Amino acid sequence: MVIKMKDYERKAYYHETDQMQIIHHANYVKWLEEARIDFMDQLGFSYFEMEKRNILSLVLQIELNYKNPVKFNDTVLIKIKVESYNGVKLELSYEIINKATNVLCVSAKSKHCFISNGKVVSLKKLLPEFHEKMLSLI
Amino acid sequence: MVIKMKDYERKAYYHETDQMQIIHHANYVKWLEEARIDFMDQLGFSYFEMEKRNILSLVLQIELNYKNPVKFNDTVLIKIKVESYNGVKLELSYEIINKATNVLCVSAKSKHCFISNGKVVSLKKLLPEFHEKMLSLI
Amino acid sequence: MVIKMKDYERKAYYHETDQMQIIHHANYVKWLEEARIDFMDQLGFSYFEMEKRNILSLVLQIELNYKNPVKFNDTVLIKIKVESYNGVKLELSYEIINKATNVLCVSAKSKHCFISNGKVVSLKKLLPEFHEKMLSLI
Amino acid sequence: MVIKMKDYERKAYYHETDQMQIIHHANYVKWLEEARIDFMDQLGFSYFEMEKRNILSLVLQIELNYKNPVKFNDTVLIKIKVESYNGVKLELSYEIINKATNVLCVSAKSKHCFISNGKVVSLKKLLPEFHEKMLSLI
């Protein structure tokens, strides 16, 4: 099974700029979340549905490497790759790329686990279909 | 009973600026909330406690008049006045003042009601002590 | 000349929710800005270009009426109407509507002026083409 | 010379929560910036002054390890340590600690360089006094 994922596309908003006249660096953490949620939607296991089923995705770690600024009105593409996944832990990597110039602006990584009723759970049992899809993406 | 309320003091953060090199105008809505929560804390009926007792304060309306910009590193004082209150609806007015220059930067108003289990409630019955204090502030 | 404007469409992001499990009310001020910038883009006088030509649009007043909550994953449409415009002052009204249910969530107004080099300017002289388009929208 | 630095103290705001009823993880990047600016203020080389002297501090990398959630109304202390500094690159580490419980909530690192007129500069020449103070903190 090959799943072709679409990049997440996003315009940089005016209210996201700071007085250095670039997008403030905290916003990229929000953009990663948006891209991750879009990624899950594409896989057919939306964040929205997961929370309804009482499964929460926790962020354990985020690392951001700021390479080039994004400016107001720029459009970026965010590419996600599954670095590792074992049912319990998920590691993703991201590239935030300026759509017009193809310049890499931010590279990032995030680590996650999943919890239900306050306990870490394995998606292998809870969401076997999702589990299989994730494995196919590594 | 006269209750002497302290102004809410707040520094303007770098991450709140935008590329016009002033505090972005959406942030003042957050500052009003902070000042309102501090105001309730001073009255002895903290937002935090109210939510624990299953009472939520809803925002019905906000009006902001932007008079002078606040800049990074400025300290502001936020003064709150109870404009009207009847147990069910609460109307507050605010002045955001530059502490160093005494210049009025933003004047604002907000209207609120209180709900519990999804229904609008009167604090006259639910929180009679708070109710009396609020009446004394008009 | 009739200009047909497209509504601004926007998904509500997870990072915009608060612990009441609805979109935090400060975010709508940001959404209005996004819709306003999109509106200007559609008119052919982008905010981005205006700032390059040294013309800034200032926000003088914002009023928001919160009618129904927007939740994570909802898609909204934002409709803008020019309430008044005379070259110097601009007044806009907005409706934020849940796309799926057609429910009005927030109605709002904003007032603006335009400045260049720190002085209020009339767009009648500075941007006559934009001026004519704006007049046609009233 | 021993410089005794004060921890940065910060309340968690309501508008910083998300629907998981904890502080949204993007906000900690803002808190680190606030703590860093406060740290520089204490050293007598404020961000504000540096920008006036045309020196900008860039963020090159941020890493966050989320250990325990911070909730609305919690007060945190943020401790900063200079991990390395050579005039050109600065590496800081942070601990965000719940003031009431002493629980470590987030540990983080950031890497920075300094630029002036678009070029990376050494603070050894540009700000020798600051340079000496920073060296004394390693």
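Every chain is named by a letter (A, B, C and D) in the order it is written, and numbering of its residues begins at 1.
The definition used in the following text is that a residue touches a chain if its C-beta (ideal position, glycine included) is under 8 Å from a C-beta of that chain, and two chains touch if they have at least 3 such contacts.
What you see is a predicted model, and the numbers here were worked out from it, not measured in a lab.
Enquirer: Using the stated contact rule, I'd like to know whether A-D or A-B comes out ahead in C-beta pair count.
Expert: Taking the two pairs in turn, the one with more contacts turns out to be A-D.
Enquirer: From subunit C, which chain is the farthest off, judged by mean CA positions?
Expert: D
Enquirer: Just give me the whole-number Å value for how far the CA centre of subunit B lies from that of subunit D.
Expert: Comparing mean C-alpha positions, subunit D is 29 Å from subunit B.
Enquirer: I'd like to verify one number: the distance from the centre of subunit A to the centre of subunit B, where each centre is the average of its C-alpha atoms, in whole angstrom.
Expert: The computed centroid separation for subunit A versus subunit B comes out at 35 Å.
Enquirer: Take the average of all CA coordinates in subunit A, do the same for subunit D, and state the distance between these two points in whole angstrom.
Expert: 25
Enquirer: Which subunit D residues reach two or more other chains?
Expert: 14-15, 19, 26, 30, 33, 72
Enquirer: Which of the residues in subunit A end up touching subunit C in this complex?
Expert: For this pair, the touching residues of subunit A are 13-15, 30, 33-34, 37, 46-48, 72-73.
Enquirer: In the complex of these two chains, what residues of subunit A are touching subunit D?
Expert: The touching residues are 19-20, 25-27, 29-30, 33, 51, 56, 58-66.
Enquirer: Okay, in this complex, where on subunit C does subunit D touch?
Expert: For subunit C paired with subunit D, touching residues are 14-15, 17-19, 21-22, 24, 26, 72.
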